[in-house]
């Protein structure tokens, strides 16, 4: 071994120790993705072998030395049909199989816990409903579907977790979602895979998968005091949204209680579901969708609220199932006091705690 | 196919080449075009209403009419001013394929925008 | 096959007979040259269609998103000028067609006349367009360079448009989208105007050639192909006019 | 020459390069710069394209060097970004798109269809000048500090967030676009209107068919890219536009418009290469292409379907799931014609009489690598697996297998195939075969590890990467050096052959195309008398009859 330079030697060792053909399978979808992947690899290998065998075989059998005079053949419809139909069939199988995966990965289940991710040049900002903020890291529990609601505040980014086999672009100006259910605790790579400028390759981080208990501990350990919804509530008050969005008879804006996921009728007559994306639009480009019976008087908050702010507002409105606290913010100019519900329920059900108080 | 193309194609074009459209035709086309212009302006001033095909999908008649008139005018220009009516299959095919790809661009791009609401984002 | 060889011999024979001066060396016959250039022109028009296709796609999507802004912004356009320009362009198309006809009929005088008429009408179009552009500049409706939302935040501030359409004030976020309309307006009409300018410069050159009698000796291809181009530019405008000027005038 | 070859060179002691040919017709720089001769323009193109290929190649070398180590050790991150951007721009727009059509196509298509020139010689020359202007603009961009948008110009990054030379690059590509539009337009017109008597559509060599298909894509696709770049430039200058969400625009719209061209562009790049392979495989197995019509129509099918699949570049970009389905399905359909071609070529060998000259070796390389490239394309066209594999090194490896392993192999194959026709001289056989093998080995070393890297999740366009990816990157870089040698060798021996190569004669390969029936290098007007096509393409019996006839004449004389 002495004649091999130490550098090369180290390198070989490193390679042999690190060698892998595909990343760890740490999510529920990963094995299914790999199943399809290896099916395709198999098909490709078979296809390649056939082609190579044909070429090599014919080259040997019919080389000029062995076979000096070529036999002219027009072609063969049967053969051509075969290698039209068989590949087509295989491709269609892959198409259907892939489409099923695609729809699963991009259609989050209703019971998924929602985590917001904001991409900016060049970092990932993660907002947990409980108010935990993370940068270039994502802590999640095993055995629970996690939905990411992604947005970018500048350019395209792409949130990729190879170990989970999921990836989704964070687009400026629009929410996108992806979901996964982690299976094995550990730390995995988190990449930005969409070229986003100078430090694109620095926009990486760790996804830390923990057992539910550890995750609970982590949540409590790293809470910022306010739940996301409470931040939203403060913002709601300080932007005095409640001046219009309340239940008074002369209210200039629709009440927002239970508005989330309800069907709204717009002034144009069409109806629309008030999902996250809609709420965001309604804050930043209010006049694009006017709720029936209201004037387009709401000013835009473009530039006044950061993406995180919008997320907090959305999270607040999502959980706003009574107007009680809205009324409060109307009566008191100062910011609302801490609600006991806030800390206890990191999932951001802060206003829900007020249910009992409600007359 | 091979017979239809080749120099035969050139031959029948050769005959087409000298088909001269009479000024009378041009004149009447001009008239039609001017009338069409007047029509489309006039139509834009009256509310032709709308058609609620489905929830969230409404068709306003004004733009439809405006575009219909525009297409008619285009067809007249293409057929007569640009002599396509008297040209070879090849020319007709060329024009057709042009509009086809144009529609593919617009249509398939739109297919994305219009079906986005179907999914949950 | 035998047939094709037969005509082939004919074609081969053609090599030897006298060429008119305007036949390029690599063509077998004048007809072939005419067909070829004509077909090439059509293909070029295909690329032109797709070139504007991108703009139309962008326009349709933005119009769907910001319809109110597009309506009020288009009310800012002067429909009188627009209609006039459409008329001018259509008539110029007619004169161009007549030009081709007179070339085919080998009427030199008429050819020059019609080409000049086309030239004048083309210039008229550009003149009117520049008046409109100037008006936009005056009104601060040139996004990026000379822009203000005022007439959309408060339509009443612009009486002559207001008295006609009584537009409601737009919310600020929608009002700024009027800039999007005008961006597309300038992009599309500008691109169209550019084509007009190219056309007119070619016309200038052709008028001189025509006076020298270049196109009235049976060699009409050049005039014909230019005609195709000119009509195409006309067609683009036929679509731009309703799309940009006639968004819900009622 | 060993027995297993079809190279039939004239007696070197007597053979001379014909005095009168397109190279010797006129002399002086102007006679080249103002020429209308498609063969001379092709030569100009060949020189300029080779030049840009080696610039692009040098940049590729820098990329591979930087990726030797996980950290940004060789160059800063933004330098790296500029390097891979320029590599992409140059290779795609200044090499791959014009490579085969503008050089080989330009040279042989008029010869193949039996015409004296392309239909529009002036337009042809104009297209070269546009190409050169674009080239200078790109060089200016590099000199002035480069651009780091990536060759995909993703908005809003390109329209708002970068202050590098996006505008000059955009305009350069705009100009280059029109150069390829004019080439395509010229081909379509020529193939329709300039065919020799008796040259019906189904007697055309398949090279002509595939270039015809590519030309359709050039003519209909490129203008959309042009207008898109105009909009990007406008958006940068007036700070309002349809792409940047900050102005109310939609970045997805940019993706749609950009990929509407840039996906068909992939077929613009590969189709002419497929044409070359058809010619070469047929010639060196002395046999007509298996299923001529199938191969011909598969080219057209690729061209047509090529317009319906662009959004498969956007599966994870938040386009509608349903649109994604449609585009994925159509992508599967467009994959089939390529498979047909591969198998038809393979069966062209069946019962042939095969020899292994350099072009054939490159062709074999093409068939193997393109099969891999095509199959991995299906991985990415399948919505599910695309989520995991896209934007990683898997996609880099995929398109390099198609573009470099496919197109570049085909280009070299074609250059070696038509070189004797072009220059009238042969290159040294053994060393060129050696170069072909080196290229093949080097290529696989370079790009195969990248499939694994991609599957492991290494993102593309990373200047620095997690250390566990180093090993494979080192392999890749090692392979790149071998590949580099493989590309330098041809330059050397081809240049050498210009002066010292053996005189090739009219038809060294005993091929059937019309271009081989005239002298080499050909006359400026290609044929003394326009030939009359009275046989099918790839009719080797006809060729033998011709040869016999010629022998008898010589005996008589």
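For clarity, chains are labelled A, B, C and D in written order, and residue numbers in each chain start from 1.
Rule of thumb we're sticking to: a residue touches a chain if its C-beta (ideal position, glycine included) is under 8 Å from a C-beta of that chain, and two chains touch if they have at least 3 such contacts.
A quick note: this is a predicted structure, and the numbers were derived from the prediction, not measured.
Novice: Count the touching C-beta pairs: is C-D or A-D ahead?
Specialist: Pair with the higher count of C-beta contacts: A-D.
Novice: Identify the chain whose mean C-alpha position lies nearest to the mean of all protein C-alpha atoms shown.
Specialist: Most central by this criterion: D.
Novice: List the centre-to-centre spacing of chain B and chain D in whole Å, with centres computed as mean CA coordinates.
Specialist: Going by mean C-alpha positions, chain B sits 36 Å from chain D.
Novice: With chain centres defined as C-alpha means, what is the inter-centre distance between chain A and chain D in Å?
Specialist: Whole-Å distance between the two chain centres: 38.
Novice: From the C-alpha centre of chain A to that of chain B, how far is it in Å?
Specialist: Computed from C-alpha means, the inter-chain centre distance equals 43 Å.
Novice: Multi-chain contacts in chain C: which residues touch at least two other chains?
Specialist: Chain C, residues with two or more chain partners: 4, 7-8, 11, 32, 35, 39, 43, 46, 50, 53-54, 57, 61, 65-66.
Novice: Which residues does chain A have that touch at least 2 chains other than itself?
Specialist: 106-107, 174, 176, 285
Novice: Multi-chain contacts only, two chains or more: what residues does chain B have there?
Specialist: Touching at least two other chains: 3, 6-7, 10, 90, 97-98, 101, 105, 109, 113, 119, 121.
Novice: Looking only at which chains touch which, which shape fits best: line, ring, star, complete or other?
Specialist: If you draw each chain as a dot and join those that touch, every dot ends up joined to every other.
Novice: Tell me, which parts of chain A touch chain B in their complex?
Specialist: So the residues of chain A touching chain B come out as 106-108, 174-177, 268-272, 275, 277.
Novice: Which positions of chain C touch chain B when the two form their complex?
Specialist: Listed in rising order, the residues of chain C that touch chain B are 3-4, 7-8, 11, 31-32, 34-35, 38-39, 42-43, 45-46, 49-50, 53-54, 56-57, 60-61, 64, 79, 83, 86-87, 90-91, 93-94, 96-98, 101, 104-105, 224, 227-228, 231-232, 234-235, 238-239, 241-243, 246-250.
Novice: In the complex formed with chain C, which residues of chain B make contact?
Specialist: 3, 6-8, 10-11, 13-14, 17-18, 20-23, 26-27, 29-30, 33-34, 37, 40-41, 44-47, 60, 62-63, 66-67, 69-70, 73-74, 77-78, 80-83, 90-91, 94-95, 97-99, 101-102, 105-106, 109-110, 113
Novice: For chain C, which residues are in contact with chain A within the complex?
Specialist: So the residues of chain C touching chain A come out as 65-66, 68, 170-174.
Novice: Within the complex, which stretch of chain D touches chain C?
Specialist: Of all residues in chain D, those touching chain C are 115-117, 119-121, 123, 181, 185-186, 188-189, 192-194, 196-198, 200, 219-224, 226-228, 230-231, 234, 237-242, 247-250, 253, 256-257, 260, 525, 529-530, 532-534.
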